[in-house]
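Please read the structure below before turning to the comments.
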Amino acid sequence: MTPTEPAARPAAGPPAGPPMVEMRQVTKSFGAARALADGTIALSAGEAHALLGENGAGKSTLVKILAGVYQPDGGTVLIDGEPVVFAGPAASQAAGISIIYQEPTLFPDLTVAENIFLGRQPLASGRRIDHRRMYRDAAAVFARLGVTIDPRRPARGLSVADQQIVEIAKAISFNARLFVMDEPTAALTSVEVERLFEVVRTLRGQGAAVLFISHRLEEAFTICQRVTVMRDGRFVRTDPIEALTVDAIIRSMVGRDLSGLYPHTGSPVGEPVLQVDRIGRIGVFSDISFTVHAGEIVALAGLVGAGRSEVARAIFGIDKRDTGTVTVRGKRLPPGRPQVAMAAGIGFVPEDRRQQGLVMDLGVDHNVALASLHRLSRFGLIRRSSEGRLAADWGRRLQLKYDRLRNPVWTLSGGNQQKVVLGKWLSREPSLLIIDEPTRGIDVGTKAEVHRLLDELVQSGVAVLMISSELPEVLGMADRILVLHEGRLVRELSRAQADEGSVMRAATGQTEGAVA
Amino acid sequence: MADTQVPVTQTEAAATTTGEPARWARGGLGWRLLLRWEAVLVVLLIASILYGRSVSTHFLSGSNLFFTGLNVGEIAIMALPLTFIVITGEIDLSVASMLGLASTLLGVLYKHGWSIWAAMAAVLVVGALGGALNGVLITRLGLPSIAVTIGTLTLFRGIAEIILKSDSVTGFPIGWTNIGILPIHGTHIAYSVGVFLLLAVVFGIVLHGTPLGRSIYAIGLQAEAAFFAGIRVQRIKFWLYVLSGVICALAGILWTFRFATARYNAGTGLELNVVALVLLGGVSIFGGRGSILGVVLAACVLGSLQEAMTLVNVAPQVQNIVVGALLLVSVAVPNAPELIARVRRRLASSRLPRRGTTEGVSVDINP
Amino acid sequence: MTAVADAPPVPDRGRRMLESVGRARELGIVAAIVIVFVVTTVKNSAFAHGDSVQQLLAGASLIALLGAGEALVIISRNVDLSVGSVLGLSAYLVGTLFEHHHGVPIALAFVVGIGVGAACGLVNGILTAVLRVPSLVVTLAALYVIRGITALIVSGHQIDPGSIPGSFQNIGNAAVANVPWLAILVTVIVVGINYAMRTFRPARDLYAIGSNPEAAALAGVPTGRRICVAFMISGALAGLGGVLFISEFATVNSTAGSGYELLVVAAVVVGGVAIFGGSGTVLGAALGALLLNTISQALVAARISAFWNQAITGALLLAAIAFDRFVSLRVNRALRKQGGASHG
Amino acid sequence: MIASTGRRRRIAVACGALAVSLLAACSNDDTPSGSTPSGASNSGGGVKSGLTVYFIPKDVNNPYEVIADEGGKTALQELGGKVVVNSGTEDTAAAQIPAIQAAIQAHADAIVIAGNDPSALCPALGQATAAGIKVVSFDSDVTCPNHLFINQADTETIGRSQVQLLAKEINNTGEIAILSAAATATNQNAWIKYMKEELTKFPNMKLVDTVYGNDDPAVSLTVLQGLLTAHPNLKGIISPTTVGISTAAQYLSQHKDIAAKVTLTGLGLPSQMKKYVLDGTVKAFALWNPNNLGYLAGHAAANLASGTFDGSAGSKFKAGKLGEYTVLPAAGDTGPSVVLGPPTTFDKSNVEQFNF
């Protein structure tokens, strides 16, 4: 089954006639939380359409509805003007919609071609797989995309960028007409991004529609014809790109009064706690130097993939750093030794709560205690009483909502899970807390609590190094903002200097004067 | 630094989450399930005792108790370190071969005029080295433990065979060989059982009471999260294998004295019994779940059941079938609630949906 | 990174490298076999003699056959420890069949043996795929139970060679041009399965399952059914092994095939099938069996005491696993380079 | 080497045994009262009825042993007692221990055991003796004290006769090899020892190798093939074990070219070997009647338990249809023993007359 060309259409901007795919006032709630209040967007053949908005603006929910992963509570989805209901992912795929995720899940041991055609391999007589044809078809798809990935190589070791290309090729082999790319460029180098754009242009040229989700505004300007902005789960505006400026977009994205929402108002800055001196990790980041003082929140800003989390992990010792020194209150930390970092008073709240932050099957109490086992022990034995007390105590201080302390943490909501992680580290009374995406996937209420907590921490003289993809959070919480771009520290902004524009510009590499 | 080998990059992290559904599913019932299985074991134990009593008045009385213990002693001892290893999600199939190697060495050294004490010390050291070999291959080279220990299973036994060939060594000091015929003075408990109970208490305290024990569970449940909490995953695993080597060597010494004979083929094939015992004790082959109490109970069940069956002269073939069936039950029973849990889990997680959540058939042999 | 259309053809070089690595496993084993063979022949010219070559092939056949089935199971990220017991059961049942009913058609013997094996495999598969009991446990239990059942049926009886028809025995013993029928049959089967594993969609699904179970389920692969089939094939081949066993020895007692399980797994691993699934070939597994057998025979031929056999096998096994790891690391790095993008 | 340590062993077990009996004496629940009277009383009288004799074969699936156990059952039926067969599934000492213990628990009157290991069983058997149970070993002896060995045939005769048998067929010249069972099997090693002595009388016959097939057809075949490869001009093979010889015979019968060069003999079951004798693969092999062996062991055990004789050298007992037997004095590693009789040599003329 060779991938057939989608019906070629003039690759114009906003066309006449019914849009290829349209969503009208689509709503979706999870329990009490309303994830999507007004999902409205129209996509036409031959256009690349940017969907912009902060985290939690409802973008991914909208995408998952398109993908058929969720069923909408209200509103309508139309294809070629016909209302449709996707029973599941298969239905959406059959309708020609395909999603290219940030990290595709391929089969590392199978060849690229087989990853594309698994279960649909072209057959010769006797239901035998026609390998030659399979590879030819795969090669053909790549040719149409203007890339050369060897169809015969195993998928193992493909860069994320290439994995995405393979996913796109797969989508094409399914005759997809709408390609939804969810933060595709997040983990790509600029060169790879360029090649991806080439592919996007090709797809447009062949009459497909591309829904392009990204935090990198300039990318929207590079390849998209129209932009739809969302905020707080609601449709804000759709305009042709020519009618917009970066600032205009950012305004409609943020578009709310930041003060008040974020309690932190700065606090007396004390001794330097963390001194990072020209640390680097080959191929990831290089030459990063900065200092964090007691009683201040320093934010590492930048696009996903700019190397923020990697820097944090190298400081804590999860990853080995190749160059540079890290000093905590005058004490040098050896590379790759989290235990030493902990002993030196660093706490680390990782990005991925489920994989790294918590042992999901263990109870609240055990998770809180996990990093303090030795200080909870007497004569080498964990004192259950003090363990329980510790958990209960922090549960109270963090207003943790739990049924029983013994219940495994996966029974808790994301917000409460995050509180458990915080409890785990705060119970060690760290002098420096590194916190990666403090409020990712957390409902607004808990968000505020976490922010208040961070504020209390710095007031009490703790130093906080925060990483966040949410601009408002960065701007609202940080005393200083260090902006990373492609693994380099490109700009340092004081709370006064910083605003959406300046940070975004620095993060997207539109540097006007990097830091000394 | 071995610790840094814990997968932390996206792709590898993804790899580590394979078979996760099973783990998550297990989660909800962690403690309760474990208790429930131990309850099952207690019932089994009572049942087998009643059965034994009904068929023979001597059952588990006096010398019979001694005999029963004698036959399971070494197996039970080797099960203890293996319990730790399986809870961390690994496995060690070389235990019985280590026993054989230990027996062989003890014999050869004693034959060459070493004092029994020196010989035993040397044997324990060799046990540690053998364990270290497993440990290095698994934690440093990152080889799958099942493959490695199948290799060392053959290797250790082979070395023993080279050393002692078809010979046997006898004539160990009576004081020592009497452990094969005399219980601990004034009791009906075999020495090997005494050692087992002693070790069981220690292992139990370590596993359930100490930071190390807690770390072992954390590693088995979610190695990456454990590592992020500052637990030295690889190092702990390494030392567990060393421990296993030493304990198996100890079992080898006891075995040698019990039979008053050293032979290269001592305890051939016991590894399967040991693994069976551990699994029967409710330790999950996926790691993260299990208790020493469970293993102790399992040892009692197995011992008394086999003794009862032997007393009434049940054909040994049938005994094997019973053991096999029991083994299946021990894993299938806890799995039934898991199926339910898997559903509950998905309901729970749907509040906060995450990509790639799916009931992938839990198809890893990856213990 | 992947070259843009007009870039130099990096992949071609990379591909050739990769394909060679892909085959390197098989080639490596073949090389090892040749080396062992030559060295031994130098020590003892008789080793190259027709008869002994014939013995080499015949001796490896059974393990190779079981290895082929085991490979399928391991590729799907499972393991089957019950093959030895299944072989024993099937062998004895076929034996009694001949003993009790004189002049039963030989074809029936094959049907019975293979059928029994497949049935055992199916049970393993269902317990693993449907009840979600780890295959290691399932097949460990099956090892006990099936062996026990066999011993129960046998209870000390031994099949009388006289009752096994000569024509049937020829299958296990006769040879054409110094190649034993046994080896021919097994080779045909192995090559056939090897071909099927490359050529048919369900077979590829097995690789997908072993490579990434969740993704496979997502991609709509019927994982449960596939795994069941893998176990059934493994069982069926073990059953066939039983048939060949009795045709070769003309007699069986209850110990037939005991201890084969680890031998087979060892052969498969030496043959380059990744113990955690996803990669490896049936051919490799079979060659692994041949290598192990060649070594144990070489030891005797080279008049090295058989006492060394185990140790050397064990060491070789470890070496093979380590070598595999080494190669795969190298390949991954190479692939990364070819793939270009550094990924932190 | 076993001999050198043998003495110490005996003392060791003796003391151990003593200790056990003391312990037994002071603990009330397991005094061997069940059997003591039968042992003590009616010495000189006939065999007591209602005796229980435990037969513990190498493993419950060993065909040869199954036949022997049958013989034992017949014997005890004649004497109004009963036989319990109990052992493990694989032939290791460890697998036999529970059976011995079961015998002790059941206050059996005697144990008839085919040892899987000469020394490893002694602690357990020592306990049995201490519990007043008479121990008889057959087929494969143990090195423990206080037991009577029922020898299938005089060990020396077996060893030497097989060499002579082979020598006759290959007219005293050529390389020969031995295909044995487990490297640890006492009886095998004892026979091989005498074979080697006998070979000194045949300067032109050279024993080039001894290989072990562990009584497993597959293993036996592998080592046999290796043997043929390693020694291309091998003239003869002696396989003093039923599994070994039948496997070898099967292989030769299928490879006439090899059979033409290599002569096979040894110890085998007529039922197994008939086919190969008739088709000429094997000219002659030897064995005794395992059924009689068990029968004799049964009688010996019953008589010991009844105290009709004490098992010491020179003492006599009646073994039903087999007539009277006299205990031979200890020699070398073997303690007091009784010999069943000379082995029967089977060939075309008589092989079909035997049903075991």
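Couple of notes before you dig in:
Should a chain be cited, it is by its letter among A, B, C and D, assigned in written order, with residues numbered from 1 in that chain.
Going forward, contacts are C-beta pairs under 8 Å (C-beta built on N, C-alpha and C of every residue); 3 or more make two chains touch, one makes a residue touch a chain.
Note that the structure is a prediction, hence the values are computed from the model and not measured.
Chain B has its Cα centroid nearest to the centroid of all protein Cα atoms in the structure. The highest number of C-beta contact pairs joins the chains B-C. The geometric centre of chain C is 38 Å away from that of chain D, both derived from CA atoms. Chain A and chain B have CA centres that are 43 Å apart. Averaging Cα coordinates per chain places chain B and chain C 28 Å apart. Counting partners per residue, chain A has 105, 160, 187, 319 as the residues that reach two or more other chains. In chain C, 147-148, 151, 155, 210, 212, 214, 216, 218, 343-344 are the positions where the chain touches two or more neighbouring chains simultaneously. For chain D, residues that reach two or more other chains under the stated contact definition are 60, 89-90, 212. Pairwise chain contacts in this structure: A-B, A-C, B-C, B-D, C-D. For chain B in complex with chain D, the touching residues are 56, 58, 61-64, 67, 70-71, 165-171, 174, 177-178, 180-183, 258-261, 263, 265, 267-269, 306-307, 310-311, 313, 315-317, 320. Chain contact summary for the complex, chain D toward chain C: residues 60-63, 65-66, 89-90, 209, 211-212, 215-218, 221-223, 225-232, 243, 246-247, 250-251, 254-255, 257-258, 271-272, 274-276. If you check the complex, the residues on chain C that touch chain A are 1-5, 7, 9, 11-12, 14-15, 18-19, 198-201, 204-205, 207-208, 210-212, 214-216, 218-221, 274, 278-279, 331-336, 338-344.
The touching residues of chain C, when paired with chain D in their complex, are 44, 46-47, 49, 51-52, 55, 58-59, 62, 147-148, 151, 154-158, 160-162, 169-170, 172-174, 245, 248-258, 293, 296-297, 299-303, 306. Residues 1-2, 4-6, 8-9, 11-13, 15-17, 19-20, 23-24, 27, 29-30, 60, 84, 86-90, 92-95, 97-99, 101-102, 104-106, 117-124, 126-127, 143, 183-184, 189, 212 of chain D are the ones touching chain B in the complex.
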